[in-house]
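I have a structure here, written as structure tokens, and I will follow up with some questions on it.
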């Protein structure tokens, strides 16, 4: 394994990357969707769960099921309270004969109170029932504040809407090689001040023990003013790169993972947006290059970006002397 | 065309600009209002459309039409449900005789439920109708959460409110020339930490093929602490400029486009605001300079900014030796 | 006036300051409260007014008057519509005999609809009246969205809550002099990453014409990690300063104005906050220094910040050789 | 005390730290929870209290008590007004016989109006009562705007959710020593662009007077791209450190306090988050090092972070020559 000599040279940049030094392996670190492949333990689940993060991150269908569940539960609780304190205090709902009918009157009165629709066909009378209804309408307003906040928060949550190429390539670049991936905005958003950070995670042999090390990957262009079309992010594999002199086999042996963080400003969200992804060594194609994914429209009046070509590529071979040339410079 | 030699010198800054290298022409890249002159294709329209961006960006009149349409549609759907499940369960609305009257009772009951106004002259009775009304009031609250959020979001959306001069000038500057444009805030807002980025797009002849290249334009002053009056943004056309030695004809031949991004902090929005525009070669005036657009008020107590003079300019001729002088320095 | 020679030396930093070069005088540029002393003209008032900025900036009392005015107006308009289309369609309000009583029934029905309280003692009947009520409840929800958004927006608007010393001092500093002002947070907020920018505006004689020039003032410490107590902002008047060699008379002659912008992060607003102020030459005290404004609490358990001592100062005289010493270094 | 000579060398960085120079002692400066150990005086309490900060910072239980108190108070006030202006104008509530019953009818009518539930069993009649109800429903909407805003604001307030090690260590590092503390995210949040700032506060002897001085502590790594696991923050105690050559006794004598500010970007809040803490000399352990707190899961598919090991440490002794080695370099 040709890893060790290179690692020496990089000693000064080790430790700069992905949080702390990781001295263990545990599958990939970041999933394709940007979430971390990580579990936490040692404190109770309610202390290590952010309700806000959970509700914002939840799938839409789960979220709406959650809202419905909550609405029904609160209604059931208050219905039970009205039922127990006497449905006869619900004027207009007191003709109900069976227990079931009485409970249902209480249930629907509760939902009319919680949503503040308050038709009034059924209305509370008496101190106790009035007080409960008064509290329920307050509870309704307050909990709906959180619910509606969350719904709008989910709807308007700043997102980058970035499409990443499914593969990361090692392509010919200048007189040598470069690691390349491609990114494009796939919605009608416009990003400015777009900043890319690539971190390489490698499992290296250190004093006979396999440890995970992180290295920042220097980019040819780290920041672009504006991302309207697509952007090919390029890390030149030269003598400053932690991947210098790596063969295709080394990449597999080290179970390389490239973690990508893109940060930008979106002027309609008026906010910073961020998206993460990660490429494992299985997604790496050695000796390929991206084909253009945009061209002039037929009438020449606008530019056409073809999103299904995000991973359009062709295989290429490296010139024999590319390696030598780089080596000579070292 | 004198483009090629200059391009060589700029090799190291090429590729730094507007997203990726564009290897095609497709009309102007950015419209005057800052939107991109771009179409996307390859994934279904619902996947490449951000509903949030569309609704925030929509013209006010279209947005209010959209709200009205949505309100009517939801009402119609629920009215139909009440109608089909039996208007006789709507106590107070059950005297209606004709189908039309019955449907209208259901429709207005629906709107009273959706908005939670719930007069109660018409009120639901029975399990089924009560359940539908209960769900409708929940739906009402949740959808209105998004609607009202969007309305306030549109109203309070951070914007820079910048007025750009309609023309971009090549003016005498120091002993040579400079590209100049002017910007001013036209509302009662106050911007600080104002940052300008200019990117030049040119169609250049490269190995016999016309390709679009992007170059950042270095500014004499790139950032100002505060933008209270007007700001003339100046790019000196010296030997470091990609426009160095360009004649008026070269500018037309290369179909030059200057993309402008202004970013600032607005302390009433408490947010970063951004505005873009773009100048094509047709908007460039060669040999002109801006006249002052503000002066002392009659009583000397305040400064008066005259917004209709944003493009006030006078034609000037360049001194014969300006060109030579610059050339000598090169 | 000793201004001209100094200005030459500063040529390279001129033009860096407060928006554009101002070539006129118009009283002070920034008022003490941070607003600009500026009027705009040339486009219609509705185009140069940001409704959002106006409503957020308005005094509380004016804002509540505005809300009340709006509420009454909308109610009057809808009351008029109900009145004209026939109060007999308002079931429960149709016993009113006089025109005035009828109008008032319509008015209160309108307010019950607008706020969606909808008691139902008075309720709409018939196509037309029901439709108007349906639209009014929609209008109510939508306009209240903006109103409540504005009220919460005003309440939670990120602000720096900074207290500035009413005077700016020229104090002894190291072997020379320095311009000093003092700032403290006066509420229970905690600012971090606090950044100060000082800009000097001077009216200088340039080719026989009085023009306003702006110079950034370099600070001894421009950024502090945390602002818990008070911070004395110091600009050393050394050979790099535009104020170097200025006498007290020069300061008055040039009608000096120092514009201060403080930017920080507040972790309870979770936002960047900003506050501006400005000192004119009348607020400058030559030969004074600030006295400490905080000390140890009696029981030694906490630090006590005395906000009424923000401007506590003592007069001092400059050592004779301070000037010479600096001069020698130049 | 070996403090003085070192302080001389650091003269140029003194004054850079925690707001202003503090010339007094007053217990610790920052509490463990990040709040400041500080009182303010000199302006009235209502001027030096930010209602927003107080309500956002309040404990949940106190906040809900506050909401309930407010709700009851407003209801009582309006109930009193209805009571005084005549309960006979509340149609449906006018059968109440006793003063208490009348007041309770007024109270519950008030709460139905404030929450806009408006059942209508009790409804206002007459100019005066209608006007009061009309104003109450407006007041209700406006105050609930602030309340619901606050509740959602509290719920969604950007927080870093960082767990700090209870102790700060002096550990062996390279050939010398380093100050180390450990931090981990304890919830399901993911931080990027994480920036740490350490400031050292020391009570030093200056011209015979004990004053507090602040020094920034340079970190081996000040910023990490991503904080998924734990991060050990390291300040090397070398010749550039204000702690250079300090013995364990010196640390106690100077009543050292280390103030920690962590700033990061959280992509679900889409906002910058910040957390502070502080370590006093009592929390310092001299001669210890942290043990790893994460490892590979049993099935090797993910990484497991054990939060209860945040302070897991082992005692170590320093090599004899460590000190000398460093000294030689000085």
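A few notes on this one:
Letters A, B, C and D mark the chains as written, and numbering starts fresh at 1 in each.
Convention: contacts are C-beta pairs under 8 Å (C-beta built on N, C-alpha and C of every residue); 3 or more make two chains touch, one makes a residue touch a chain.
None of these values were measured; they are calculated from a predicted model.
More than half of the contact pairs at C-D come back, by residue number, in A-D, the repeat among B-D, A-C or A-D.
As for how the two copies chain A and chain D face one another, under half of their interface residue numbers coincide. Look at where the CA atoms of chain A average out and do the same for chain C: the two points lie 37 Å apart. The centroid of the Cα atoms in chain A and the matching centroid in chain B are 26 Å apart.
Among all residues of chain A, those that touch two or more other chains are 112, 116-120, 144, 149, 269. Chain contact topology: the protein chains form a complete graph, every chain touching every other one.
Here chain D touches chain C in the complex through residues 15-20, 22-27, 29-30, 35-43, 47-54, 56-57, 91-92, 112-113, 116-120, 123-125, 127, 130-131, 133-134, 137-138, 140-142, 144-146, 149-150, 153, 157-158, 197, 199, 216, 259, 261, 263, 269, 271-276, going by the rule given at the top.
Residue ranges on chain D touching chain A, taken from their complex, read 67-68, 71, 75, 104, 108, 111-112, 115-122, 144, 147-149, 151-152, 155-156, 161, 186-190, 192-194, 220-221, 224-232, 265, 267-270, 292, 294-297, 300-309.
By the touch criterion given at the top, residues 116, 118-120 of chain C touch chain A in their complex.
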